[in-house]
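So, here come the structures, one by one.
Same chain, two partners: chain A is paired with chain B first, then with chain C.
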Partner chain A sequence: MDDRSIDIDHNDQKIMAFLTLQDPSINTCIGCGSCTATCSAGHFVDFNIRKVHTFLRRGETHLLKQEIQKCMFCGKCQLVCPRGVNLRNLIISIYNAIERLA
Partner chain B sequence: MPREVIVIGAGVAGMTAASLLSETGIKVKLLEKEKQLGGHLRKWDRLFPTLRPASEVLDWIEKGVNANIEVFKEVTVTDIRVQGNEFTVSIKDKDPITGNAIVLATGFDLFDAVKKEEYGYGIYNNVITSADLEAIFREKKKIVTTSGKIPRRIGIVHCVGSRDEKVGNLYCSKVCCVTGVKQAIEIKQALPDAEVYGFYMDLRMFDRNFEELYFEAQQKWGINFIRGRVSECAENEDESILVKTEDTLTGRPLKMTVDLLILLVGFVPSPETRKLASILGLKTGNDGFLLSKDEHTQDNITSVPGVFLTGALKGPTTIVNSIADARATALQVQIFLNSVN
Partner chain C sequence: MINFNLFVLPFSLGLIYLLVAVARRWYRWIKALPPVDKVKLTSGLRNPKKILAILNEIFMEALVHRRMWKKNPLLGYMHMTFALGWFLLIVIGNLESRIYSGTHLNAPYYPIFLKFFIHDQLVIFFEIYTVPGFFRFIMDFLLLFILSGLVLAIIKRKYSKWFGIKRATEHHLTDRIALICLWMIFPLRLLAESYTAGYYGSGGSFMTQPLGSLLIKITPLPGNYISYFFWWGYSISLGLFFIMLPYSRYMHIPSELLLIIFRRCNVQPQKWFSSFSDVELHSCSRCGICIDTCQLNAAGITNSQAIYFIRGMRDQYVREEIVSNCMLCGRCQEICPVNIKIDSLRLIKRREFSTSHTSGFSYLESGSPLQSEVVYFAGCMSHLTPSIPRAMTKILSRAGIPFVFLDKDRSVCCGRPLMLDGKNKQANELVEFNKLLIRQTRAKLLVTSCPICYRVFREEYNLPIHIQHHSQFLLDLVKSGKIPLQSSFKRVAYHDPCDLGRGCEVYDPPRELLGKIADIVPVEQEKNNALCCGGSMGILSSSQQQRDIITKEALNILLKDKPDILATACPLCKKTFAKQSTVKVMDLAELINAAIPDSAAGCKQPYEAA
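== the complex of A and B ==
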């Protein structure tokens, strides 16, 4: 049977490392969920930006490209974040990173 | 022999420091900006974690402010000068006050929830703060919505004005979490049929009996806790409040209507604190609260000889800790006065 655990030993941290260099604010996420709460797209489709972001930080990026395309770029997530994560900017950077690294 | 101390601020810390100093034979002049002593303690009904009446603690502290302490009420400090051994505190429209040491105990203000527009305080009628709710308890009023009906569902929002880069307060205000649990229980005591929901990022149950209070809130009172930070609220046609959050533990956005929403507001440095700091040249931290000479070893001493700090002007704290801190300050002041003789 496949082990479905998140495997920190073998996961791919490349994308996260690239993004952190560009904007260290993404390290400060505490997973409060304000972003998902306010997300325009997330109320209508199965898209949870907090989860996508957390998986990214854990090195689980195989669904990243598919998920991130659900973002409408409304920017509300960045408006509400209490830690000052530049989340909308991050999503744009993720597109960049996927092109370069994936 | 110079043995007169000016204490600025007659809240929990100020009154405690003043009474202890007075007990050792030192002449104390206690200054207070309001008409009454007691600071914020006057405003609370019952204290966490045991829900004992705030008035018990207030009475005990007030007893310490005996006839030997000279009390000045409705005072606005405009300047403080020092010459040799003597401090002169200038007061608006009154004679200046002199002493040989100063204890700053000007405390804190509560975060103005109006600044968090997305939660609707001051916009929607059925959004109130924890302080508003405490006043309702203290004045023995009924908990009702603005249309006068008994709320069936009440929401409590944690971290309002704290841990929030968007309002410029990165710090945690420490006591709001346990206050939220306490008030949730008090609401259930008043309205046993109401459903109470707490929306939190973390539950900071850091002190003795706090975790047990949380356990009781769940087991005995059936209070619901949802781990997710409220992003915004809206008002329904009937003036009930629609709350939007994420239920992070199930990973789905969550919305619900509440009849009444309580915002747990945190601490901010008071303007008087900032003003006195600038008059005396005292440093503040990034959080805006005052810095002592050393947080571990000299937490009541400042860089200005003879000027001491006590209480919440150094940052969010509990009543228990303020009293302990004030006692430590009284001893430091005594030691200082002995050394200048």
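== the complex of A and C ==
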């Protein structure tokens, strides 16, 4: 088991801050899990958008990078989102943020 | 008489500069072509038929502006006066000067300033037998023709609505200066010629002669001084315009000629930024017709339209936001008078901007799908509208066609969404995976319900089998009598999905199919002018609220004639419209399934395997 304890002093909030600027819709997420339920990649592998969200908030960039690479970008999650979260843009923004900030 | 005066210098220097600048650009563009295209170009230019086609297209599009006429007659006329009028003024002016001087070796400025050098009533040999003053009349008429266009151009600045343009282009400073130079040329020519004709009492025709006489009478200064002043002005405005041309939007004039030649010689655009793309960029005249056609305006996005994107690309400075803020619906490239493939250019740029990362698709394991001649691929989006694949499987079973439902339980994305963001490397992994899967089925026909998948199957998969969208497939089934239909006489409006219509030019099969079971209500904007539903995969940064506005606007037009049902052929359009539509939104497959009479059902077991 990984050590899941979070070092608050080293909690990297840069990416989350960047995303909030890029697409504030991320803040409207209520964590209902519709995205995860419909995910195309999720039918093949353990891939969970809510987990992505958690990694984001915790600033766990390394895990975040590994996780989003599984996304096929089909956009089903965005269509089922009851809160209108711009998920495809967020995934792309995470890629950009990791490239530019991490 | 010595046919030279100092004032011809600004024009002459400007012309030399322009010719050198354009020749250098042309040379660079042609030199940068891939070897295959160079061969195509040289062989194409040896073919007399092709040359005729090129000349015809140059005449119809670059001079007459046929596509502009189609958009709005006033706009077409305005552009025609400048292009065709100026062209004829040059050609006939040259002819006139050669006949007057009796030699073929004139200086290039000589025809332009002919009236300065010759102002007597010489009746030349040609004119004795025809009409005296024939050339002078023609030249006056052409000048008037251009001036009428200039008046329209000035009116257009204020009342662009009369010209079919609601939102006019926001031009840069260089374009504004070049525009002023262009506008100055013809009034200055008129004044120069009139003053000269008035001063000498001859040399003009129906317009310049009486105007000249009048001007001489009302001006206190001697006519020859004033005319000399205007001849200088005329020459300077021409020279300045020529020098500005390569750096302003007027570069579209020489570029479009080369673009027409390239296209007619089958020089193809590449997947990366090539010489062809650069010629396309420079061929944009920034007319702004693409602005009004863009649905993003309604959502308050007004800085990323095709014209601004192309301008940014040409200036080699384009913000990522402008490249990505586009639904790639293709409406602008349908209406573009120069026919620039704007979406391909955007995708090229998106590929450049796209960050590189390794994909993590190692989890995809190749399975062993069942074999069948017909393979059905619903696509991710169809899984969000399960009524569509359900209808398709029912229809296929009733028609007695054995098939394999390739992505029944779980689907691998076709790859187009990744491509739309320029991530082709990652998309190709999905493409290869799906290709292998399709090959394993030994299918001869691949049917899909999703136009996004359909387009990418056709354009990127290079499959050696027949590919159909379900609208084409169902039409074949109905035509071959495999499924009986009962007409419902319901009034149905059909919405053309972007990727199926403009993307793959499938306009008629869905209509023909629909016509067999319902009354089709005509829609104001349809076929290649159809609206995007707003759910596009092409745009990323727009918010859900902005998309909803676009959807609402599209619905307002689609439902104007109050149809009973809104039909579409795309699961994404259906899903997007269904959220806001006041009438039922149905896919073609659902409509066909509902139109099959019950007595025809049930006797056959479903063949669908897996």
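By our rule, the second predicted complex is superposed on the first by the 94 of 102 C-alpha atoms of A that agree within 3 Å, B and C clash if a C-alpha of one lies under 4 Å from a C-alpha of the other, contacts with A are read in each partner's own complex, and residues count from 1 in each chain.
In this section, contacts are C-beta pairs under 8 Å (C-beta built on N, C-alpha and C of every residue); 3 or more make two chains touch, one makes a residue touch a chain.
It should be emphasised that the depicted structure is a prediction, and the values quoted were computed from it without experimental measurement.
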| item | value |
| --- | --- |
| Partner contacting more residues of chain A (chain B vs chain C) | C |
| First, second, both or neither for A:Gly75, with chain B first and chain C second | second |
| Partner chain in contact with A:Ala37 - chain B first, chain C second, else both or neither | first |
| First, second, both or neither for A:Gly84, with chain B first and chain C second | both |
| Common interface residues of chain A - those touching chain B in one complex and chain C in the other | 38, 43, 76, 79-80, 84 |
| Chain A residues within the chain B interface of the complex | 30-39, 42-43, 48, 50-51, 76, 79-84 |
| Touching residues (chain side chain B, partner chain A) in the complex | 118, 159, 163-166, 201, 227-232, 244-248, 251-254 |
| Residues of chain C touching chain A in the complex | 355, 357-361, 363-365, 380-381, 383-384, 409-413, 417-418, 421, 423, 430, 535, 537, 540-545, 572, 575 |
| In the complex with chain C, residue positions of chain A that touch it | 22-23, 25, 38, 40-41, 43-45, 65-66, 69-70, 72-76, 79-80, 84-86, 88-89, 92, 95-96, 98-99 |
